[in-house]
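Chain IDs A, B, C and D follow the sequence of writing; residue 1 opens each chain.
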Amino acid sequence: MSGNTFGTIFRITTWGESHGCAVGVVVDGCPAGLTLSAEDVQKELDRRRPGQSIASTQRKEEDRAEIQSGLFEGKTTGTPISMIVWNKDADSSAYDAIRNAPRPGHADYTYVAKYGIRDHRGGGRASARETVGRVAAGAVAKKFLANEGIEILGYVTELGGIKAEISSMDLSELRAKAESNPIRCPDQDAAERMLQLLDQVRREGDSLGGVVDILAKGVPPGLGEPVFDKLDADLAKALMSLGAVKAVEIGAGLESARLRGNQMNDSLIFREGKVDFETNNAGGILGGISTGAPIFCRIAVKPTPSISRKQRTVDLSANKDSEIEIKGRHDPTIPPRIVPVAEAMVAIVLADHLLRSRSARL
Amino acid sequence: MSGNTFGTIFRITTWGESHGCAVGVVVDGCPAGLTLSAEDVQKELDRRRPGQSIASTQRKEEDRAEIQSGLFEGKTTGTPISMIVWNKDADSSAYDAIRNAPRPGHADYTYVAKYGIRDHRGGGRASARETVGRVAAGAVAKKFLANEGIEILGYVTELGGIKAEISSMDLSELRAKAESNPIRCPDQDAAERMLQLLDQVRREGDSLGGVVDILAKGVPPGLGEPVFDKLDADLAKALMSLGAVKAVEIGAGLESARLRGNQMNDSLIFREGKVDFETNNAGGILGGISTGAPIFCRIAVKPTPSISRKQRTVDLSANKDSEIEIKGRHDPTIPPRIVPVAEAMVAIVLADHLLRSRSARL
Amino acid sequence: MSGNTFGTIFRITTWGESHGCAVGVVVDGCPAGLTLSAEDVQKELDRRRPGQSIASTQRKEEDRAEIQSGLFEGKTTGTPISMIVWNKDADSSAYDAIRNAPRPGHADYTYVAKYGIRDHRGGGRASARETVGRVAAGAVAKKFLANEGIEILGYVTELGGIKAEISSMDLSELRAKAESNPIRCPDQDAAERMLQLLDQVRREGDSLGGVVDILAKGVPPGLGEPVFDKLDADLAKALMSLGAVKAVEIGAGLESARLRGNQMNDSLIFREGKVDFETNNAGGILGGISTGAPIFCRIAVKPTPSISRKQRTVDLSANKDSEIEIKGRHDPTIPPRIVPVAEAMVAIVLADHLLRSRSARL
Amino acid sequence: MSGNTFGTIFRITTWGESHGCAVGVVVDGCPAGLTLSAEDVQKELDRRRPGQSIASTQRKEEDRAEIQSGLFEGKTTGTPISMIVWNKDADSSAYDAIRNAPRPGHADYTYVAKYGIRDHRGGGRASARETVGRVAAGAVAKKFLANEGIEILGYVTELGGIKAEISSMDLSELRAKAESNPIRCPDQDAAERMLQLLDQVRREGDSLGGVVDILAKGVPPGLGEPVFDKLDADLAKALMSLGAVKAVEIGAGLESARLRGNQMNDSLIFREGKVDFETNNAGGILGGISTGAPIFCRIAVKPTPSISRKQRTVDLSANKDSEIEIKGRHDPTIPPRIVPVAEAMVAIVLADHLLRSRSARL
């Protein structure tokens, strides 16, 4: 059972390598009747695209989404939605140097160890370019979720140790602030300090890690399938499947370990005739099932492994120690660009569980 | 697609409620020819069993593992291994009070929201008793892994804010130390302070959270299926599917967000003719595939939600605010007892991926 | 991915060997709120039980269904339903002779070829006793389907070459007739001739094959997931997974190959304001999706492989040709007893697709 | 869980509609290291392509296979293999007439019943054009199987009631004969009579059904996962998932119902030091596991539903009875062209089970 498919009812399969002709995704299980257009997808791909700021690489990718199937007269038909984004002709010769010299922090060595062969050009299948398919699929999921009143937003809350102050959890306000700067940090002041640090680190040939929060509002109670396909378990898998993510937290997350029971527990109360919670340390999930409160996830993103400093590695062709210097332009930090990808993964999980929840009762 | 099955080739299905007649598990996909006995399973169940110390409840459960199928003359046959553990007759009347009053921090409300009906007795399906099946299945996985030279160990590294000092990563040494105290903390001094704090908190009718590390040694390079069923992604799901877990970290985990690229990247070197790594910030996984270095996971465990203090909740039968006092004995902290369960989940993931990796090449 | 689980949303996992302590099944994904009792299950197990007539073995099995989980106050809770049927103490010594001598027509040789080990006692996992779990799970599926207005009936239409005349497709009438004789054939006259032939063949130490039809009424249009999980494809798999089945037909089945297009095509018409079909050569399925017309399946069942005549086989311990005489009582024909099992498999497929169809539209 | 994915380890996902821009398939789980080229795939697509004879439509499709991913320097890398075949610009206006008038024998009505919307142009997703993806995936499976010494061949054995005489089961001989005439029937004399009948029936505006056999040689013993994912069960599903198939037989198939036990059972013997069978009524499968003898499947194919005669149907826009005349060129019979598709499905099942069997033992 290979690993390029994700989800059960709402299910995506991605394919493609960095320097192949294209990358793509097949979305199966999207309900029929949803209004969908290439623009819906393009909007999200544009958010993922490397920009012009120092927070991302200077490469100009113009990823155009093409929807190849599953649509008829502007609506989904219930059949698979294939989407493709063509790769620009890339010069792969720059990668000759890494053919036998695995880059530290990358999947180069492990792909060889597993498959005995690997497309080393541009990182091959392990390239972040693979996430184009996730973002395209996530756009479909978001459209479906919006139709059900569910909205998702990700933003950077920490970069290189600089922490943002989040004063409001209002989604519109957060979105407006986060999308107004290249860091995607809703705290404008922190964003500026992050940019400065980033500029300095980049000039040092190094890179920064950071923290991204993802918030989902409007999720009804009852989503999640105990005991293994819990909503938080599936979110953890979805987010940890992103290359640079090294930790996933739900609700109070790691902080939970330091709270006492009476601090951690969220009291239940009636608000406007409906069950609600006084606090949300649970992050909107109890026993693996959504509570109706906002879903809150947090991911720790490691610093970009491609740095221009000289690094130690091995020469697999000669079986000896070696050194490597990685050329080319690389994002000096990943969090700003992982935001739309993380949102996509959360959207896919929620869309899937929304459909799965339809079978909970008679 | 219901959520009570986990794994693809090595696959487990658990069933049972806290106050039903029994809990159990069916393990499918264990290779034929493995020497296995009820004692192998019992050993792990005994580690999970509530003990006599203040770190766990005073209840005496004598969980006896019975293997009902899949064995012939002491060896697995490749057919499903059904295992059952009978529940002791329980007095469910103590739970009448919570029938309509969802306990804060528990899955009571969400089960009702999802299914419209719930077995409230002893927490029903959402009880930690469900993990008996996981531990039994994990014992089978461990036996298979041991046969392949893979060993797994979990231990507590933080409780109620008290952090342990881990001086060695030698598995035998860690095991001997961790299993020598009721906290399962390899730092004896820290363990004593944890016990003292626990005693105090328990008397205050409150509970503590903590942190557990899980280490797997002997894992060959090449395990994990990119791009979604990455080894770290599946570990994250497996561990987050445990009720009290609110965060999962791999390798440097959350700390990765604060490191620079040149600090985070693990240099590759040749050691004794084999590719190795100078450091292991990756936690033994790159691009979702094992590197051959030790696998390192960390989980944050929330404080026990069942506390004896009065808490606010709602009365679902009367649609009004209410209060609740939870009676009975409950573990004042979960980490010591979650250790064998977390080990089991890691073992199941590794067993599954070991089998999946057999199809990577011609 | 092991093969002991069937279904996607409504999903069953069976376990157990013929001479182990028990056989059982875990049903996952049954919607919450369904009224269910052990009697519902017992009723179907009793139909499967070997009876007193010459059409089945003289053994007295008193299979009692026990429901171990997933029920609360008489209703399903949405959690896994574990069911167990204990095996009577069996004398396995009679099977010593076949330990190294694979019985022709049985799975003896192939289990050894696959697993290198096998529980030979009573056929082990490959025994028809495994179908106890299927029938128990099918009883749950039938209860769910009845709630949705769907009814299923199987009956024998051919035995040893003797064909029944089916004069009516009325389900109640068919059921009354079929269940009135030990052959389960709705044509009483044919049933008598079948019984006579069976008696003769049994005395000759031989066995008979036959044909069973399964009819499902009340199935709404829209069930089935193209292009691979078509309703007919899943029915074919479900029925072919029964040990003795060698052919599965849908609607006109094999006869379709001899019809011309204008004979085969079922014209659409309006009946009582609803779309209906003039004929039903399609067997209620077009393009893998139910049409609303009755679902019609037919299976060819091979003669019981356990016959008392001397047969040629090999001695696996000595790597030489050998002979075998199978002792003990065996059904001289399988069709009458496969009826409730085939119904169960059809019920499980329909229950699963009914739930799956809930996600077809927004 | 949508139905456009098939297989567990070797897994394919098809997408695309008849009049969309393209049809395609993603093959996941093909082992790394397999030599593969677009020519391997083209060869099979050419066999599926409508030809010049009266046995198939006169349309000229020039389906060119493009491999978009998963290959590096001529070898598979273990990552998903995406393949696409562009559709020629089609004039969809001819299909306006069927927008609201479901064609008898087609999936038109059921797609509307299920999804509430359908792409009616050229049959949309339910068009036989979808099988392009299956054939392309099957070509990859065949390449993998050839590497393991397994060969597959399909051929027509009956058409419009005319039966072929098959004098030899030698694969090379069968292939040479079958591929020498447009019916793909290894009996040249029968093939000529079939062609004559076909010509006559076509001129009458009608169509013919037929029977296709598929044979697989070189399959080792041990493939198939009891108890549900039996090899014959998965073959039955794979073949029944083809639109026009109404029956699947394994080995003696329907004839089994008329044999006695002593006729049906295949005696085991030693041949050249290996276990073999005197006969092969089992069709190479016992208890759902391959025996090592040739795998033998047979399918009944219904007559082409698109016939030029006037047929009764309904007008869904006006809710009244109506009539339909189907224009355009259509194959007057399906069996000759289904041969490579059926081979592909058998190849995919065998490739999947070959990989699955790698986990059967320690």
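To be clear about the criterion, contacts are C-beta pairs under 8 Å (C-beta built on N, C-alpha and C of every residue); 3 or more make two chains touch, one makes a residue touch a chain.
Because the structure is a prediction, the values reported are computed rather than measured.
K.L.:
Name, by label, each chain that touches both members of the pair chain A and chain B.
P.N.:
Both-contact set = C, D.
K.L.:
Return the chain whose centre of C-alpha atoms lies at maximal distance from the corresponding centre of chain C.
P.N.:
A
K.L.:
Between chain C and chain D, tell me the centre distance in angstrom, where each centre is the average of that chain's C-alpha atoms.
P.N.:
Inter-chain centre distance comes to 26 Å.
K.L.:
Measuring from the mean C-alpha position of chain B to the mean C-alpha position of chain D, what distance in angstrom results?
P.N.:
The computed centroid separation for chain B versus chain D comes out at 46 Å.
K.L.:
Could you put a whole-Å number on the gap between the CA centroids of chain B and chain C?
P.N.:
Here the centre of chain C sits 39 Å away from the centre of chain B.
K.L.:
Among all residues of chain B, which ones touch two or more of the remaining chains?
P.N.:
Residue numbers touching two or more other chains: 1-5, 8-9, 14, 29, 32-33, 78-79, 114-116, 125, 226, 356, 360-361.
K.L.:
Applying the document's contact rule, which stretches of chain D touch chain A when the two form their complex?
P.N.:
Residue positions touching the partner: 1-5, 8-9, 11, 13-17, 20-24, 26, 28-29, 32-33, 68-70, 72, 75, 77-82, 114-119, 124-125.
K.L.:
Residues of chain B touching chain A in their complex?
P.N.:
Residues of chain B touching chain A: 1-6, 8-9, 14, 102, 104-107, 109-111, 113-116, 125-126, 130, 158, 160-161, 201, 206-211, 221-230, 232-241, 243, 246-270, 273, 275, 278, 281-283, 285-292, 300-307, 309, 311-314, 316, 319-321, 356-357, 360-361.
K.L.:
Please give the residue numbers of chain C that touch chain A in the complex, ascending.
P.N.:
1, 8-9, 29, 31-34, 78-79, 144, 147, 226, 355-356, 358-362
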